[in-house]
Each structure stands twice: as C-alpha cells, then as structure tokens.
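Structures incoming, each one as structure tokens.
Consider the two complexes below, in which subunit A is the common component and subunit B and subunit C are the respective partners.
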Partner chain A sequence: MTLEALRLAAADNLWGAIMPELMLGCIALLLLGLEIVLPRRLHGVIPDVAAAGLLGTLLGLALNWSSVAVGRETFNGLLFHGTSGQLMRVFFVLSALFVCLLARVTLPRHTAPRVEFHHILLVVTAAMMLLAQSNHFVMLFVALEAATIGLYLLVGYFRGSTASLEAGLKFVVMGALSSGLLLFGIVLLYGVAGNPALPGHTTQALHFAELSRFLAANPDNFVASLGVVLVLAGVAFKIGAFPFQIWVPDVYQGAPTPVTAFLAVASKGAGFAVLMALCGQGGAFAAYGWLTTPVLTAIAAATLLFGNIAALTQHNVKRLIGLSGVSHAGFLLLGVIASAQTPMAAGAVYFYLFAYLAASFAVFGVMAHVAGQDDSEQELDHYHGLAKENPLLGAVLAIGLGSLAGIPPLAGFMGKLFILVSAFQAGARALLAVAALGVVISIYYYFGWIKAAFFETWTPPSGEGAGPARPERSPVTPVAAFVLGALALASIAIGFYPGPLGELLTLR
Partner chain B sequence: MGTGQILFNAFALLTVVSAAGVVLNRNAVNAALCLLLSLVGVSGLFVALDAYLLAFLLLLVYAGAVVALFLFIIMLLDARGDSRPVLHRLPLAARVIATGLVLGGVASFLVRGRLPEGRAATTAVGAALKPYAHQLFTTYLLPVQVLGFLLLIAMIGVIVLSRRPDGPEDAA
Partner chain C sequence: MAALFDPLLIAIVAPLAVALAIGCGLPKRWSVRLAYVGFGIPLLMALHVWWHYSAQTPVSGYAFLRQYSTGLDGLGVSLKLGLNGVALPLFVMAGIVGFAAGLYAIQSQAERLKIYLMLLLVMQGGLMGVFASVDILFLYFFHELALIPTFIMVGVWGGRDRGYAAMKMTIYLTLGAMISLLGLIALYARSGANTFDLIALREHLARFPLAEAVQRDLFGLLALGLGVLVSLWPLHTWAPLGYGAAPSSNAMLHAGVLKKFGLYTLIQVALPLLPAGHAHWASALAWLAVIGNVLIVGFVTIAQRDLKQMIGYSSVMHMGYAFLGIAAGSAVGVGGVILMMVAHGLSVALLFQLATCIHHRTQTFALDEMGGLARPAPVLAALFVAATFASIGLPGFANFWGELAIFVALWKYSPLITALAVSGVVISAVYGLRAASRVFFGPATERMNEVASRQAPSDLRWSERVPALVLLAALLFIGFWPRSLSPAINPALPASPVAAASASR
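Up next, the complex of A and B:
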C-alpha cells in the first residue's frame, strides 16, 4: 500500500459532513473532563453544559442546513446525507434536549449519578444521528449497537429500583435477540449477494445501492428474501411492532421517566429512519416490494389493533403510554408501506414523527412532574385534581394527549390525516379501516386520562391500610413551564399552520 | 467425498452438537465448555473457507478471552448446576406448533435455499490480515471510531451500575 493509495481512500472521509455528531461526541467527553476538574459543589452545572451543547448543535444544524455534504455520499459510501437525514438529526437533538429537561426534574429525586447520564445520552444521540444517515449495513449495525447499548444502561439506570433493574435485564435479553436476528439477515444478504454464480453479484453487498441493484437483478431469490424478512424483524423489535412488542410495557414502566420518553420518541424515530431507508421509495429493499409490503401490512394491522386494545385496560400511565406508542408505530408503518408508492407518504411519516415528538414530550413532561419517589408506579389516580391544582400542567397534558389521540385541529390530527391520505393514494384500503378503528379505540383511553386530570377530585385514602397516598408533585420551575408551554403551543401551531414542516410533503 | 467435504461435515457436526450442549446443559461450567467447543468448530469452518484471520481471531478472542471470562464469573458466582429452576412445561399445542415451525423453516431452506452450482465462492477481502487492517484504517474508519465511543459508554455504564446503591451521592 503506497501513501498515495491511503490518501485517496482517506480523501472521502469528510469529517466536516458529520460536524454535529462530532460536536456531541466532544461535548460528551468534555462532561467527563469537567467532572474531574471542577470542585464537587460545582458539579450541578454539568447537566446544563450538556443542554447548552445540544442547543448549540441545534443552532449549528439550522445555520448549516444546506451544507456542502447534503445530497452526496461520504466516508466511502458509509453515509448518505439527504434532507431526511438532516430532519432526523434535528429530531434526535430536540429529543435529547427535552430529555435533559425531564432529567432535571426526575434525577434529583434519586441518588443516581447525573454526569454519566448526560454523557451516555449525548453519545446515544450522536449514534442515532449517524444511524439515520447510514447508507451501508456496517455503519447501520455499529451505530445501532452504540445507541442500543447506551439505552440498555439508561433503562437500568435507577439501580436501587427493582423495576428499573428488571426492565434493564429484559431490554438486554430482547435487544440481544433482535440484534441477532438483524445480523443474521444482514449476513444472509451479504452472502447471497456476493455469490459469483448469481447475476448482478457484487463485492460491496453491504452498500445499500449495490444491494438494491443485486436484489433488482434477482427478484425471486429465496435466501435473499429470508435475509430481508430477518432484517425487517430486527428493526420491528426496535420500533416495538407486533409480534415483537412484548418487551414494551415492562421496559417502559421500569425505565426512569426521561429514558422512557427517549425510548418512546428517539428510539422509535431511529427505527423508522432505518425502515424508510430500506423500504421507502428507492430504498435498499425496493425490488422486494412484493415481499415487504404484505409483511409490513400484516405487522401494521396487528400492531394498530394490539397496541390500542392492550392500552385500554392499563392503569399505570407509563404502561399506557408505552402501549399507545405501539399503536403509533402501527400508524407510522402505514406511512412506510404507502411510501413505496406515493412520494407524499415519506413527508407524512416525518411530519407525524415531529407531531409525535411535540405531543409526547408535553405528556412526559407532565408525567415527570406528577411522578413521586417511586418512578415506576405512576397510576391514573395520581392525576386526580391535577387541572385544579396546577392549571398549566393540566392544560399541557390535555393538549399533548389530544394531539396523540388525533383531535382536530392539533398537530397529531394533521399527522394522522396526511398518513391516511397517502395510504388512500397508495390503495391500502383495508389497512385504512383498521387504522380508523384504532383511532376510535385510542380516544377512549386518552380521554380516560384527561378525565382523571380534569373531572375527578382527589380524596385521600382513609382508614388503616387504605392504600398508598398520592406522591408529592415536583414544583414547576420557570424553565420547565416555558418549555412545556412551548411544546403545547407547538402542537396547536403545527396543526393550524404546518408551515415549513408542511413543505416536507412535497419533498421527494 | 473429498477431504474438504469430510472436514466440513466433521466441524459442522461438532459446532451443532456442542451448541445444543450449551442450551441443554444444566451445569453452567459444562455449558461454557460446550460453547468453547462450538467456537472451535466454527473456526474450523472458517479455515475450510480459507478465512484464516477470522478463524484465528475467533479462537484468540472468543475461545481464549471471552469464554475464559465466562468461566471466571461462573466460578465467582459459585452457581451450581442444580440451582436452576425447572422450566414450566409448555402446553402440547405450543410444543407442536413450535416444532412444526422449526422443521418447516429448515425444510423450506433445504428445498428452496439451494445456491446455484458453479464457480466456487471467492474469498472475502478481509480474510487476510493486511487488507483487513487496511480497510479498518481507510474505508471503515468511522465505524471504528464509533465503536470506540461504544466501548467508552459501556465501561462508564458498568462503573455506574456496579457502584453501591447506597454509596456517596453525586453532587446534587
């Protein structure tokens, strides 16, 4: 190997193209450095440094929206920087920023270390940002594992709580199984696409475009279709789609509330970014639409029904929001299916994700304030009288839940509408009916929650052993009030005036 | 049947039988040793594919380091073979369905998963040490860096999670 050859190979490593991810990585290291350097009494500012770093990254992203790298491959084809990648970067940074805010409310109630929490959070965010832009299965798997291993740690983070440890263990076992399925699928695809006896074989079988070319040349290969199905199963685990949703309720309940929010929003968004890259228009599996469309349709229908029906009977709000998140995954799958045929559907999926982000973090923000010392036991009863005692939290909760339920004119309604319209254009009529049924069911349990907060009054349990008292609510700081209010306003504003987000729908 | 075919069959048999031993053994130490045997079988298969580097790495890293670590931990925890609770018996229907699914999957793979006869498979680029290392430093530089961060958070996470729960509180 001459020096010249090395230089040529390294020329494509355009580090400037992943500046936001590099920034987050450096800030994560900075946090650890600060913990060593700063005296103990100043350690309280370190989480603020993390939040400031995230804000700076967001600002940098906004200023460099159409940078040189957009629309091209870098790192020898490992990454592709498209508009959707830019959107998902913003999505993950926003999620991490809101998780920082929730952590300010939740973490001080426990003895868990805070600096390491933010360090892991930043690294996971950067890994997800790379995941959403990966254009190669090696990059995809490495970024996915970095994100998932960070999430294992965060789920089991409250070491003193049995529920958190149980959730962590279950998440590790299920996550290892799903990684195994995904890896097995990737290996099968690599093996069959590198077979010299098949037409269109390639030595770069892990590159999405090369793989897509191979699959188009062999539209009916059994081993390749097995690989495609296994990869889809691995991703379905990550987004919590039926029948791979069994880990969702326990893990969501046991994880610390900020981590539950991160799992529900960012982790699901990452899974859908991968699905769009694989199954969307011009994706790696585009030639296997005859296989992916029926498989995803069956998964989506079962996910929509299961998530909504299972959420009906829940009294623990974390389990409720977890199972309702399963049904949202079903809705998003509907958009992914439609995106193979309708260009508008891809925009609809991203719009839905952003509407889901605003509504979910509004609800999780209220949950973090209402939760007591025991983070896993958050019952619907604890919400009794919330609107009267704290009108701000009550209003934010109502708007967030209304948006999740899809009540016009909130953002969630517009998201659902766009997905349904694109599914109609793509001709998925039967699935449309299932989705509409799911929406009707979901209104029941979302409104049960609103009813608990608005129309029930809290009566303390009387007598000996009459059940535990309601946990102490956290005071709402001005920053938290501002952010929660902004999230609620965003849900309303996006609904009335989709604005720049609405332009997504015309994107390719 | 040539020598290569005989070796392949022998190593494949060793891999599958000892992998079954990992799952079926009730004694954790024996299960770990079965895993070791299974890894030896897999590395034999890699040798048959001319992938000497992978075979060597598998023996060195997994069989040498990881399984040895497993054994240390098992000894440390002093887990006895009889301490594992007996699994609940599955209903007959579930057993029949599961067996049917597995057999159906294997059968369909045997029938339809045949690769076309023809030229022998080529050796992958990373099968030898020099091109492998070259690729790590050029094409796959970014994933290697990401893996560095992965190991960092794994290490930090282990430290956080293994600290005593009632230990000194972090500055709040």
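Up next, the complex of A and C:
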C-alpha cells in the first residue's frame, strides 16, 4: 500500500460524522475522571453529568439532523450514514436517557456503584449507535461485541444478588455462542465470496454492497446460504427470537431493572437495525430473499406463538415483560419480512420501535418504583391496589401496557396497524393470522397485569405462615413523575396523531 | 363562522375534552357539573343534525362532510366525518342513549364517581365518532376507544363475577375486533384503492369490483369478526354474562349503542362493497341467526331466573332479527335493520336502567324473590311494562316498524325462515310479560316483605325518571312517526345488493 493510498483512505475518515458517538465516549471517560477528581460528597452529581451528556447529544443530533455525512459512506465504507441510522441514533440515546432515570430509582436501593454503571451505559450506547450505521461486517462485529460485553457487565451488576450473577453467567454463555455463530457465518461468507472460481468474486466481501453484488451473481450457492443462515441465527439471539429466546426470561429476571429495560428496548432495537440493513430492501442479503423470507417467516411465527403463550403463565412481571418482548420481536420480524417487498414496511418497523420504546419505558418506570429490595422478585401480587394508592403510577402503567397490547388510541396500535398493513401488501397471509392470534393472547396477560393494579385490593398477609410482606415502594420524585407522565402522554399523542412521527419515518 | 361549525366533530370532542378535564384533577363538584355538559352537547348536536339533515345537499350521499388531516394522507388515512342515511339515525340514537346513560350515571352515587364519569365520557366520545366516521380505519379506532372503558368499568364497578366477566368480555371482544380489523385491512389492501375512505372505496370498487372468491373470503372474515362483536350465536356467550355484571350506565351504552357497531359496519362497508360475498354467506347467516339467536337463545331467555341476565339474553336474541334483515339484504330489510337498531338501542337501554332501579328497591335480581312492586312503585311499573312492550315489538313503539320491515323482506327471501322468526315474537312476549308480572304484580314474596320492612321501596325519583322518560319519548316518537327517520334512510340503501351481485356475475 502506497503512501498515497493511505492518504486517500485517511481523507475518507470523516470524524465529524461520528461526533455523537465520540461525544458519548468522551463523556464516559469524563465520568471516570470526575470520580477521581471530585471529593466523595460530590459524587452524587456524576450520574447527572451522564444524563446531561445524553441530553446534549440528543440536542446535537436534532440540530445536525441532515448533516453533510447523511447519505454517504465514511471510513472507507465501514459506516453508512442514512436516515434510518439517524433515527436509530436518537432511539439509542433516548433509551439510555430513560435508563439513567430508572437507575436513579433502582441503584440507590442496592448501594451499587453508580459511576461505573453510567460509564458502561454510555459506551454501550455509543457502540449500538455505530452498530446501527455499520456498513461492513468488521464494523458490525466489533460494534456488536463492544455493546454485548458492556451488557455482560451490566446484567451481572448486582454482585450481591445470586439472581443477577446467574443471569450474567447465562448471558455470557449464550452471548458467546451467538457471537460464535455470527462470526462463523461472516467467515463463511467472506471465504466463499473470495473464491476466484465463482463469478463476481471480490476481496472486499465484508462490505455490504460488495457482498450484495456477489450474492446477486451467485443466487444459490450452498456455502453462502449457510453463511446467511448463521448470520441470521446470530442476530436472532440478540433480538430474542425463537429458538434463540431461551436466555430471555432468566436474564430479564436477574438483571437490574434498568438493565432489563435497556436489554428489552435498546438491545432489541440494535438487532432490528442490523436485520433491516441485511434483509431489508436493498440490504446485503437482498438476493437471498428466497432463503431469508421463509427462514424469517418460520422464526416469526414461532416467536409470536412462543412469546405469547409462555408469557401467559408468568407471575413474575420481569419474566412476563421479557416473554412479551419476545412476542414483540415476532411482530417486528413481520415488518422485516414485509420490508423486502413493501417500501412502507421499513417505516412501519421504525414506527413500531419508537412506540415500543415509549410504552416499554413507561412500564419499566413503574416497575422500578414498585420493586423492593430484591430486584428479581417482582410479582404481580405486588401491584395490588397500585391504582388506588398511587393513581399516577397506575395510569402510566395502564397506558404503557395498553400501548404494548396495541389498543387504540395508543401509539402501539398504530405501530401494529402499519405492520399489519405492510404485511398484507407483502402477502404474508398465514403470518398475519398468527400475529392476530398473538394479539388476542397477549391481551390476556397484559389485562391480567392491569387487573392486578386496578381491580385487586391489597390485603397484608397475616397470621401464621403468611407470605412475605409486599416490598416498600419508592417515592416518585417530581422528575420521575414528569418523565413518566410525558411518556404516557407521548403514547396517547402519537396514537391520536401519528402524522409527524410517521412523516419522519417516511411512512408514505 | 358557519364554516368552522362542525356539529359532528364537536359531538366527538366535547365528551373527550370533559373527560380530559376531569382526568386532570377537577374537583368533584365541578366534574359533575361539567359532565352534564359533556353528555348534553352530543345530544344537542345529534338533534341539530337530525333537524337540519333534510336541508343539506349531500356530497356523494353524505351530509355534513368534513375532512381533517392526521398526517397520514399518503396511506389514505384521514379523519373524515359525515353522515349518510344509515349513519344519521344511529348517530341520533347514540346522542339520546348517551345522554340518558350519563344522567343516570351522574345520580348513581357510584364509588369513585369522577373516574366512572370520565370513562363513560370517553365511551360517549368514541360512540359519536363511530357513527360519524366515513374513514373505516377511524370507524374501528373509535369503536375501540369506546370499548376499552367497558372492560375497565365491568372489572371495577361490576356486580357479581365481575373479574371473570371482564376477562371473558375482553378476550371475546378483542378477538372479534382483531378479526374485523384484519378484514378491514384486507379490504384496504385488496381493493387497490390505497385508501380507507369509504366514499372513495365505494367509487373505486363500483368500477373495479373484487373477484368473487376474494369477496367471499373478505365477507366471511368480516362477518365472523363482527359477528363476535354483535353476539351472533354461538359466539354470544360473553354478552349475557358481561351485561349481567356491567354497571347499568355501561350496559346501557354497550348493549344499546356500541354493539350496533358490528351491524352498522356490515351495512355500511360489507354490503355495498362485497355484494357477491353477501350473496354467498347470506343463507348461512340467516340460518345461524334464526336457529341460534332467535330460537335457541330465545328459549334460554325464558329459562332465566335473573332479571339482568334475562335482558342480556333478550338483547342477544334481538340481534338475531338484525342479522336476518342483513341476510335478506333488500332495501326493505336493511332499512328495517336500521330502524330496529335504533329502537332496540333505546329500549334495551331503558330496560337495563329500570332493572337497576328495581334492584335498588328489591336488593336482588332474582325474579323468584320479587313480587308486588307495582303497589309501592307505580311509575316504575308503568315504565317497565312500556319498555317490555317496546322490546316485544308492539305497534306504537319504534321496534314494531323495524321488525315488521325485516319480516316483510324476509318473506321474499325465505318463507320458512320467516315463520320461524315470527315465532320468536311469541317467545319474547312470554319472557317479557312473565318477568314484568313476576316483578310487579301478584303477592309480595317473603323476601320482598323482609326487604320492605327494612326500607320501604319508594317510587322512581325524578333523577331516575328523566333518563327513562327521555328514552321512552324517543321510542314513542319514532314509533308513531317513523317518517322522521325513513326519508333519510331510503336513499342511502343499496337498490338491492343481491340484485347487484347477480348482475355482476
């Protein structure tokens, strides 16, 4: 490689394009620095610095929405900055911001170190933002691993809790397996695309566009198909799709509530951003639609059924929301499948993700307040009488769950509607029936939760052999009340008037 | 100024705005006062459009047509409001029943009255929206908006078995709603018109009708989903249970108005857009309705020992007539169904309200434990007997015209089914009159004496009389003067969907 080539390559490194990620990284380092510099009694402000940094990043993203880099590749094709990338950046920053809020409720009760938590959170967020914009399998794998390793730490964050440690261990084992599958798939693709005997062979096989060209030239290569399926399997682990959902209930239950929320929303969103880049219209695997569509269809149907049916019997709300999240992954997969044929479907998937974000964090916000000392034991019984004792939390919970269940006039309904419409246009009839069945089943357990909070009254256990008392609820601070109220209102507003968000997502 | 005045939008927004104000923490005294406004405005708007309807020049069949963008024009979704001849009578009925149910709720002294009123207002807003929507997505949207409060109200304020009833209702009705939604989306996707706007869909499908097989599937899907919502036998089991448990105002609104959504959608959407589908399914629908809803449920109703359950079953039975009219499909039949929906909405709401009034005086719904209530409560007795007559379909009440038109249309369709259906009138006379005589006449039972010794049963208070009289007045008004509605209905009816279907073949 000549000096000239290196100079040209360096000219392509548009550092301004990844300013938000750089900022988050710097703030993460700043947090550690502050912990050393600041006197102990001022350590309380460090989480606020993290939240302020996230807010600043969000503001910066909004101001530079259509920056110079949008619509082009940078870093020699490692990254591609598109509208969907911008959207997912906002998605991850918003998620991290809400996780900060949940952490303010949950962490103090467990006397867990707070600075490191926020440090890891910011790094993981930055990694996910890069992941959503990756245009190259090397970038994809590195960003994915950076995010996942951070999540390993966060899941096992409550070192004193065996449930948290167990969850951490399970997550590491399962995550390593999935990374292995993914890597194996990538290597197969790289190997077969570099085979000089095949038409259209390329040395840049890890670049999405190059790979897409190679796959189009070899539409039925066995090794390439194997690679495609393995990559999909690796991603299916991340989104918790059947049959790779096995880790979900235990890990969701054991992880600290803010981390559960982060896993449920941001991690799932990251998985879908990758899937859209691979299987969507013009994606890397576009030429293998004959393979990816049936594989994803089977996965989606099984995911929808398994997630909903398994959630029916749960009494622990963290397991319940984990399994319901599995069914949401199934619904989103429906959108991904449709997106191969219907341009509208991509917008529908992003709309669904944002509606899911608002609803999920509303529910997790309530969960964080209701949870007691033992973060992993959050039973439906603990919600008895919630609406009477704390109408705000009750209302937020009802709206959040209603939106997750897809009840009009809430945002979740619009999300489901757009997905259903686009799936219809793509002709995925059988899957639609499964999805409708899933919605009906899901009503049962969401409604059961609402019932626990609204219709049941709490009777303290008394006498011999009485069960453990209900955990003490955390008081709702004005900031938390404001944010939770805003999330609930956002769900209603998007449901009644989906126009602006829909337009942003180019739902046309 | 006149351009800004949209009675339909006001009728929808006013109750919702009041609900929002109550939800934001208005004090109780003001909440109650504002609730009168929230229920009154839809009634006023309903009467306004009834009065001015004939003077309007309809645009493609719809008067008061307005369109509001929701930012999804690209998808063919916009809030389009308007009334045609099918929608007008139901819109008016929704206003009247909503007003009566609201008045009754305000005086009911329910626990946590503020939230109760708030949910009822949300329901009222949704109901007005259902019948004012020209966009079929919003039709569904408003239906669900009105449906959700039902589940909560049954679960929180319901009577016996409320938890089970709320759960069962939720699952059945969600299933029905999901299937109907799929049907509507399928219609949207298959029509190729890329719009949910009913007017545009009609025009598009009139020029490019769907293939017969597609029509068949779509009509089947819609009839199944909407059938669950309207309690078509054998998918009706949620209805008596749910109405038995529901608080009275909620039962009035749901059984009276909201349940008509299914029939209304069949008439507005399925009949004109899918004539071949209708022709294919009509006979199955007719037999299900006559054997299942009219006869089987009719006999089950006779066997009921619980007043509220009995009214619930009778409402399921009367839905059978509505399905028969739709199956017959001719202009007379469908017109009859519309009149009957209005009449049934008024009369069943009246019955549910009076049943609760009876319960306040007897402390029971069990028919065997009542008796002799006519002496202490003559006005209640008179009203209940009148409501029973209306429900049986005696001339002079609105129900008579609806059932008569349905039977006339049905005779042309199938004399055998007509004969079976007419015998249902006898069944409803048996259970209706028997219930009235059990409750009001004959000697007082031991239990009644025991209840009376604790607190002598009083006659209806004025706060209870007013809603009942409003409903009864509407029933009699339409009963004696059906022409107040029929000129509006007639032009909106399809010449004959069956004829259109055979022509398209």
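Following the convention adopted for this analysis, the second predicted complex is superposed on the first by the 498 of 508 C-alpha atoms of A that agree within 3 Å, B and C clash if a C-alpha of one lies under 4 Å from a C-alpha of the other, contacts with A are read in each partner's own complex, and residues count from 1 in each chain.
Just so we're on the same page, a contact is a pair of C-beta atoms (placed from the backbone, for glycine too) under 8 Å apart; a residue touches a chain by one contact, two chains touch by 3 or more.
Values in this document were obtained by computation on a predicted structure and should not be read as measured data.
Within the superposed three-chain model, A:454 lies in touch with subunit C and out of touch with subunit B [touch as defined at top]. In the superposition on chain A, the chain among subunit B and subunit C reaching more residues of subunit A is B. Legend: residue contacts after superposition of the two complexes on their common chain; A:413 is shown touching subunit C, with no touch to subunit B. In the superposition on chain A, A:160 contacts subunit B only, with no contact to subunit C. In the superposition on chain A, A:142 makes contact with subunit B only, not with subunit C.
Contact with subunit B, but none with subunit C, is seen for A:222 once the two complexes are overlaid on the shared chain.
Looking at the shared chain after the overlay, A:79 reaches subunit B, while subunit C stays out of its contact range. Note for the complex: subunit C touches subunit A at residues 69-72, 74-75, 137, 140-141, 144-145, 148, 151-152, 155-156, 162-163, 166-167, 170-171, 174-175, 178-179, 181-182, 185-186, 188-189.
Put simply, subunit A touches subunit B in their complex at residues 1, 6, 9-10, 13, 18, 25, 28, 32, 40-44, 75-76, 78-79, 108, 111-116, 119-120, 123-124, 126-127, 130, 138-139, 142-143, 145-146, 149-150, 152-153, 156-157, 159-160, 192, 194-198, 203, 222-223, 226.
Within the complex, the subunit A residues that touch subunit C are 344, 402, 407-409, 413, 417-418, 420-421, 424-425, 432-433, 436, 439-440, 443-444, 447-448, 451, 454-455, 496-500, 502-503, 507-508. Touching subunit A in their complex are the following residues of subunit B: 108-109, 112-113, 115-119, 121-122, 124-125, 130, 134, 137-143, 146-147, 149-150, 152-154, 156-157, 159-161, 163, 165-167, 169-172.
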